Amino acid sequence: MLFVLYFSYLYYNFLMKFHVRNSEKVRCVPASCLLKTFAFAFLFFCAVPFAQAEAVRVPRILRLGMVLEPPHLDPTIGVAGAVDEIVHANIFEGLTRLNPAGEVRASLARSWYISDDGLEYVFSLRRGVRFHDGSIFDAHDVKFSLDRARAGSSVNGQKDLFSDILSVDVIDALTVRVRLIRANADFLYNMAWGNAVIVNPKTASQNAFHPVGTGPFAFSRWVRGDHVTLVKSPSYQGPSIRLDRVDFRFIPDPAAAFSAMMAGDLDAFPRFPAPELLPRFTSDPRFSVIVGTTEGEVILSINNGRSPFRDIRVRRAIAHAIDRRAVIKGAVFGYGVPIGTHFAPHHPAYVDLTSLSSYDPVRSGFLLSKAGFSDGFETTLILPPPIYARRAGEVIAAQLRAVGIRARIINMEWAQWLERVFERKDFDLTVIAHTEAMDIGIYARPDYYFQYKNSEFQKLMKSLKEMTDPSRRRFILQQAQKKIAVDYVNAYLFQVSKIGVSNVKLRGLWRDSPLQLNDLTSVYWGD
Amino acid sequence: MLHFFWWRFISLLFSLAFASIVIFFILDTLPGDPAAFMLGLNATEETIGALREKLHLDVSAVRRYFIWIGSLLTGDFGMSHTYQVPVWELIKERIFVSFPLAFYALLLSIFIGFPLGVLAAQCNQTFLGTVIIGTNQLGVSVPEFWFAILLVFIFSILLSWFPSGGFPGWSEGFLPVMKSLFLPAVALSFSRLSVLARVVRFSLQEAMSQDYFRTALAKGVPRSRAIWYHALRNAIIPLISILGLQFSSLLAGAIVIENVFFLPGLGRLVFQAVTQRDLIVVRGVVMLITFAVIVVTFLVELSCAALDPRLRKRIC
Amino acid sequence: MLRPFLTPVGNPGFRFFSDLPLSLLFGGVLFLIFAFSAFLSLFWLPYDVTHLEISFRFQGPSLAHWLGTDHFGRDILSMLISGASVSLGVAVFSVFIGVMIGVPLGLTAAARYHCLPDEIIMRGSDLMLAFPSLVSAILITAVFGPSVLNSIIAIGIFNIPVFLRLSRAKGLHLWESGFVKAARMCGKGAFRISLEHILPNIAPFLIIQGTLRFSLCILGEATLSYLGLGAHPPLSSWGRMLSEAQTFITLAPHTAFVPGITIVLCVLSVNLVGEGLRELFDSQRVRPRS
């Protein structure tokens, strides 16, 4: 402050002297003097930021870019995916974990025993694990975490994960028994979710802003609106961690994300938001681009409870009116896989049903006229803020217009979209990505926002839950996929690809994304 | 004077009360459920209900207004719904970004805009003057955000002289902060320095046509000395109040620039809070800014009245 | 009463083109081009902007597409032309709101100087100025949802105190003048004096201020739609074109440069017109009346 004052004084003096000196000779200030004035002002304000030399890179720091800033850092509250992207597997660990291929592996539970009827799970826990605050992890923490998540007052976003639990009992300090109400083949998988991580009873209430877990990284600080910093935890006993510090920086704007990568302000962007810019990265030797899969299905959701969409012919007409290739090209610049049903194509049970809703405007027009809409009809298309949805929406609206369905686009913010579409079900059409893994079960919820009420499908899902035999499960899943495809519940568009951009020297980032997380335990800087 | 003071003070209180009512109830009509926002896509209605209860969203609006005002008066801004930290903490964090940015931008626009305006007034009708006026015209015509995008494109993507955005935090030292604030400050100051130069030019020209200026010239004072010593001093008075108001508008008005450079400032805090329906944050920040502006206006009026008795006229 | 200020009638020394300020001429012509294309877009466009041809995307300027195509293969020139109607329309109506509400209030305040109505009106306008304008505009569009009408309201509301203060300040000045006193002697009421004597005499200032606000409103509309709070697709708008093109700036720079330059030119033309009008009125006033 003093410096600035002093400078202002100098500046003023300079101008004064200068004018007194020159005033007798010329009426107007000559150009050279103008330049001097400017040079002086610029000297201070511009030279200072320029002055700094290129900062020396410390190799064991990783700066990751993320699109959304999480509202808080507690993975057991709500379902904000951004929370999991930071804390899951890095700060918090669950009983089980997933490997990059999406298979269940041991985590805090060293091993487990399942009773023959599938109703009893006995976990034996890893020894010597400590929370970041120094307290020792034991079976009581497991019981506390699971009971807290399934309690009536819990605000866990995925209470369904715990709905089958009958009781959690501590057998000894390192053994826990979980009893289920009914056999659930997904139980171990469910325990790998971010919502099922084990928390410390003492610090659980503060996890939202100061998370304390057992993972390889400990929370350091959160500059809200800019970044979260994690540091290597000294108490972690697992495989050696080769990063000292991780910064998660939040950059909501795709253009800004691009410039941050290009300017070298970031080392990696695991879910890069602007697929159109990938050619820039692939042609640049400083970067490597990893295209993997996600669990996100982008669909054109149709309000099945509202006319004219109650009529399957109308829904089918919409499905045939959409050219998925154009949508994928327009919305995600080709980085997406066409889907014909609500299921991830990389899953072993996937059936390719895209031919059921092939691009066929003629048939679409025919179906519409049979349904009594030979002149088409007016409808609305509500679009949430993500850029893929906005772009896909514009392409779809143009394609629907070609068959006579005049869809008026309404752009909405998230909060508004959630209230109006998701809660009040007051919509006709909307475009949205369902990012949860294996979420075909949402079609069995009759009050879910697209209001598909089909008892046959609900029965299929019920039998799936109780089925533990893998081949039978696969069969049921395929049946379910076919069922929602031939009912044309929604128009299934594409599976989002996970586009990761990273510094070419960075190793060990996950290619695919079986859950929404950034597991950094095996990431390191190569040469 | 005392009568004037009390009258103004009472109207200040009324303004504040009215502002708080407007802010509270406009925000109350915002569509969108904060609880649903926090829980997302797969949430069940049961969970949403539990959270709504936890956030006291089920109480009537009037009661919530009085709860809010009561806690504001004791200096408690409440807890942010989405961040789960006290709103005041958030504001405090952000002010250390917004305030330096606004200050920096203001300094840039003063140090560049002021001489420009003087020059333009001096060199009226010459080539240089025309160039300056033309640049100023351009300055007020360029959309801030576009200018910012161009700056990022040129200086961080093509030349990589500056970071493309973000804020390293004050703990990293003075230089990185200055570096990261430079482009945003330039983007913010471009249109403002043009406005400033324009105001300076006009008020200088006005002053130069006044009698005292001519008297000074007639007394044999050199022209440029007359400009700097006589005209400018009189022209500078209205400038100061303009600058004062600009500063407060810069504090939260930099939303767009903060978005382009993803700076964690007050403006972006409000913008994000609006989209996340974190109403308590929006209310706190908007109320704070409005409060600041109202109080500044009050002080300016008082000091003007102290200086100029004509303004103290009694109310009929 | 308006005539002596607005038209050169009664001023024999005035020749239309040579005496017209250069900036007015230049800005006026430029602005007419924009206004004409906005008008034209209501009936005809070179290409249909709702038709997407994704395989033709990111084409540079060519004979078929003078300004190239965007990321959906739409013709940028057509989008700019149709965006002109949105931008100019929003700007016109938001200035209109400001004038229609601000001027009557300002005249009332001037007529009742230092009385209760003046005090209330001025406090009200101070209060409006105290709200951060962009934040409030964002709130308004968030409450009522983004649309053209709501951006008009959100931008227009902040024109009210501007016109209010201007008409009050200039009106107060006039209330002290001889001809108003004479009118009061004749027994004219405050309402008639405001309407017949004050309003025509502050009209030039209102017009200049109106053009300046007009250019700010164009910028405001661009900013709102840049933030995603403006007109919806398929209506095109300049600000949204920029925000969409922002990620393509290295891929297809013309998609980001062309709309930006268009906004600059449009705003510049309006500013030039305002500047020119000011010069014109000044020169008219200096000249002795015949």
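Here the chain labels run A, B and C in written order, and each chain numbers its own residues starting at 1.
Going forward, contacts are C-beta pairs under 8 Å (C-beta built on N, C-alpha and C of every residue); 3 or more make two chains touch, one makes a residue touch a chain.
Remember, predicted model here, so these are calculated numbers, not experimental data.
Top-ranked chain pair, ordered by C-beta pairs in contact, is A-B. Among the remaining chains, C is positioned farthest from chain A, on the basis of C-alpha centroids. Centroids of chain A and chain C (each the mean of its C-alpha atoms) stand 42 Å apart. Here the CA centre of chain B is 22 Å from the CA centre of chain C. As a whole-number value, the distance joining the C-alpha centres of chain A and chain B reads 34 Å. For chain C, the set of residues touching two or more other chains reads 142, 145, 246, 249-250.
Listed for chain B are residues 31, 149, 153, 157, 259, 274-275, each touching two or more other chains.
Shared interface positions of chain A, defined as residues touching 2 or more other chains, are 253, 255, 258, 262, 385, 413, 416. Residues of chain B touching chain A in their complex: 31-34, 36-48, 50-51, 54, 82-85, 90, 93-94, 104, 107-108, 111-112, 115, 119, 122-123, 126, 128, 149, 152-153, 156-157, 160-167, 169, 175-176, 178-179, 181-182, 185, 222-225, 228, 259-265, 268-269, 272, 274-277. For chain C in complex with chain A, the touching residues are 50-52, 54, 71-72, 142, 145-146, 228, 232-234, 246-251. Only residues 114-116, 119, 123, 126-127, 129-136, 138-140, 142-143, 145, 215, 219, 222-223, 226-227, 239, 242, 246, 249-250, 256, 260, 263-265, 267-268, 271-272, 275 of chain C touch chain B when the two sit together in their complex. Of all residues in chain B, those touching chain C in their complex are 11, 14-15, 18-19, 26-27, 29-31, 137-138, 140-146, 149-150, 153, 157, 245, 249, 251-253, 255-256, 259, 267, 270-271, 274-275, 282, 285-286, 289-290, 293-294, 297, 313-316.
Put simply, chain A touches chain C in their complex at residues 253-255, 258, 262, 274, 276-277, 279-280, 326, 329-330, 385, 391, 393-395, 397-398, 401, 408-413, 416.
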